[in-house]
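The structure is given below, and queries will be raised subsequently.
The letters A, B, C and D name the chains in turn, as written, and every chain counts its residues from 1.
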């Protein structure tokens, strides 16, 4: 991974809600420009890990390093400000705002108008569908478009790291796979590292540079996507989730 | 001032006691016989009256140490503005009486027990029921006719005396009951107002009145009488709880205009404080309504109206004439106004006078009865009232137990060096059906 | 002292029963069915007007003919006249009518009150099918005010602002202690209503109601007709509200539209929220709290309990009463957000026992 | 022209004034509702407190100087209303919202807040001698011009109508054109996400309450400039305020429109019904409420749908 520190590194991260521990002693890292997939069975704590990293869930122990500096205690909006962004699994858009306003709100912390316009152009070039719906209320978009908007909104701050929590949940398989393919564009166009929690584990691992398998709140395996997919002991697991 | 209060209080008690003596002596005889020993002639000295009272009290009565006077007076729900002032009138009376009792060394005191009926008959029933179970035998209140009518069957059943300081509607007029009412009922003021208006040469009248027992009841009586006398009447009734009354004033102006707005057209306003203030203010800004003469009943005789310069000027300009059911001002009235101002920092509103009198009547009747018992109090009350002169004058009661004075003082607005004030300008004699003006 | 306490307790029990019935009915509509019936007081009022007018009309008709009187009333019902009040007082005191007749009239009027309330509920379901949430709440509130303003201003059906008063009580005619009898009957009625409502809400119909509340589309998938279920809930709830209205009139002997301002609805909603929404025992508890605050936070009640307030506090109490009620609402919501008794599947021993009892029949 | 025509004109003018007052009052309620989703029944009390605070200004400023007094009245009123509104949120609504209370719980809480505020004021007014049971701003309105001696436009008309239109436009622009306004809408739409995107939702919420409180009490000031106010005045008007807000579909222009519609329906229809059918003016409130129910039956989302003002609808 070279001499530069990884974009994200967790050291023995323990997190949960209130006093309930959901993930325990997790060590993961995301390098510059990497797409890292986080897979595992339902209830294994993938989403909670993401939320603990971002600060939406409670960190009960361990540390989160972002580009080498400790950000464990920073509130979510501060993390947004320093270049980390997060797309929740649900309720990830402002349904009562237009598409354009959603993107504007995504760049709420960016004061420079021209930067906002550039970011918006980037988003529209990644998700061309959204361009035509600029003045439509986000709540009336289709499911897939809403996810695109959610990702686009997160890109507005030009983050270094994007945390995606099951961006395809609830979408029709065909649309889900289309969306996943678009994520590669996201890396290309926006130059962002991505940590993605995904239920379409097989496809995610195919796309990802590396992957982690989380079982019962602990890392059960790690490696590059293809080698993980090749491991027989994990086969059943992936098949189980992808259906 | 303190001396004045006590003196007048003592005077009133003395009259009552004398009356009581007369009543006891001639119980079998006509109960309304005037008391022979009444010290009406000459002025009794404080000492002798106090001695009499003291003696009477020492000689032992069955009165408890704490005599509860129930005050079922609404202070919210439409009565938020005037209710507390009426309550203040009653509380002032109780305070004065207790000062007197302390002075003469009486072993008992009157204790006010106030509860808010929220101007709702349903809550009035709850309040009366609570009072009854608490053992209260005499109640001042409730304020409105609907509340009074609602508690009537209960107090008759439980034999508890109720004196309403402001119910005037017909719905609560019943003979031989436990409900007494301090102000004269509309049945007298209504026709009197109509006759006064007619006798001054007005034949077309537009009435703007509260759509409640007081306003509508009085308005109907005025309208009926005036129509019988050959006049024509238009009526506007408004919901007193409505936040804005401009629409009503507009309608009033249109009806006045339709009548020709000439020297035969007049307006009668039957309103309380908030609504009255609003109507007068808005009317003052409409030309047509400045051209005709305005009349009003007792409720319009409120100091607030003359304190506001624009309204006072308007009333002066339209030659406002009001009627109030009382004999001319008496020392008690002045004493009450003075004490009220000192206690509460403002002038009493018209019905605070009645509340004050109702409380005095209640307490004097308890003393006269000699025991704290509703039935006994009910029996002496008419006699006490007959011999009572309060802040609203003589309280003779009619067969329904309602105040029965039928003469009306006429008052107008005058300009004084300090601003504006009401002034009594004449009296309507019901016997002769004529106005006697005080000055030419 | 004992007498004073018992008198106030009797009033408390009567108001508790009335508020509890209203709360149970609101709870069924809102807690279980998700219908914010802010017009609750409208249906209570409909019951009260119906009961009062019908009972007064029949009683007066029989009473006048027996007394050989004739009442002439212009522009208003005969029972609004002074003569009618005289007739009523004669009926109570003079044995003009038999207790059985008065009881029969009362029961008939109660049934009519429930029926008219229920019909009102059916009418109200028209907006309830079209509107949701706050919009529906305000619409029903407005409908309540429309009816109240009309009834308050027109001599029909209950004598406008004067109100219809002096309606003879069957208990007085029977020579019973009026308030105590009303308390007993009210509590018995409440018990019956409670059993009825708990059975209804625990039945398949109750589950359908909850299903409609939680997910209308899913409920439709399972074959329920949401509009029909809402209509049924409103009809039953409003019928119960009408019953509460009738009880209030039996107790006070008078009915006046001014008593049915939206404030009463708010008191009922507060009761349900305090006790715990979608929990019938919670509705009872909430009603107990609200009625308790209304009855006991008064000078005379406190005196009866031996608490003698200084005069200044006594004068402030009418205002403090509602400030305290407001604070209670706020504090309960802050510290017991789901109400004192939160929503749960109803399986209390009492109900189980009652169910067994009733099931055996 | 006959008296009736002047009467109708007067009723129309009056409807404009009353309707503007309803609209003005409903704007603040709408603001709170849009941002925090609270149907705030305590809103009525902010109006009443505003009126009382405006009158309190006359204790400080000599009433002779009417221009200064007007300014002071507005300042006193708006600051008092803003503070009380903010306090009620900080102490009651925000803690409840954090806990995820449902709408009806918030509504009941607002009834509680309203009771506390209203009865405290009522008690204070009654127990300090009664002089404050009813207050009136010392500077009162003047007639600007009058038609036929019957229908007139007064300074109260000008104040109420201008301020309502102005505030409605300002609020609408705020919501659709400014960063703060969009942040407010974003907060309303999805508070968690708003926080993630860096919007200080707590600050946005505070600004909202301050603005709404100030608006409410400005309306209170206008009311006391036009009519006497007592501690129950706001409460009595609340149903009309809610009607205007709901009928307007909780949009600022919609509120403006429905306030006027309610006011004019109540007055013009009321006048005609009274004049030609002999229906007493005590039924005027019924006319307004029937208008509300009818409008909602025909257009269940209110006169103006929320999104229709913001954007083109999706094709």
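Here is the rule we use: a residue touches a chain if its C-beta (ideal position, glycine included) is under 8 Å from a C-beta of that chain, and two chains touch if they have at least 3 such contacts.
What you see is a predicted model; the values in this text were computed from it and never measured.
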| request: Could you say which chain's mean Cα position falls nearest to the mean Cα position of the entire protein shown? | output: D
| request: Go ahead and note the Å separation of the Cα centroids belonging to subunit B and subunit D. | output: 38
| How many angstrom between the C-alpha centroids of subunit D and subunit A? | 45
| query | How many angstrom lie between the CA centroids of subunit B and subunit C, rounded to a whole number? | reply | 36
| said: Taking the mean of the C-alpha atoms as each chain's centre, how many Å separate subunit C from subunit D? | reply: 33
| request: Two or more other chains in contact with one residue: find those residues in subunit D. | output: 119, 122, 126-127, 280, 282, 285
| remark: Where subunit C touches two or more other chains simultaneously, the residues are 149, 153, 315, 318-319, 321-322
| message | Touching at least two other chains at once: which residues of subunit B meet that condition? | response | 75-77, 211, 239
| Pairs of chains found to touch, sorted by chain label | A-D, B-C, B-D, C-D
| task | Would you tell me which residues of subunit A are touching subunit D in their complex? | result | 54, 56, 76-77, 80-81, 86, 88, 91-98, 101, 104-106, 108-109, 133, 135-137, 140-141, 153, 157
| note | subunit D residues touching subunit C in their complex are 39, 41, 92, 95-96, 99, 101, 103-105, 107-109, 111-116, 118-120, 122-123, 126-127, 239, 242-243, 246, 280, 282-283, 285-286, 289-290, 292-293, 296-297, 300-302
| said: Which residues of subunit B touch subunit C once you look at their complex with the stated criterion? | reply: 70, 75-77, 87, 91, 112-116, 119-123, 125-127, 129-136, 145-146, 149-150, 152-154, 156-157, 169-171, 173-174, 211-213, 216, 239
| In the complex of these two chains, what residues of subunit B are touching subunit D? | 75-78, 80-82, 84-85, 88, 211, 236-239, 241-244, 246-248, 250-251, 253-254, 257-258, 273-274, 277-278, 281, 285-288, 308, 310, 344-346
| field | subunit C - residues contacting subunit D, complex | value | 30, 36, 126-127, 130-131, 133-135, 137-139, 141-143, 145-146, 149-150, 153, 262, 266, 269-270, 273, 277, 312, 315-316, 318-323, 325-330, 333-334, 337
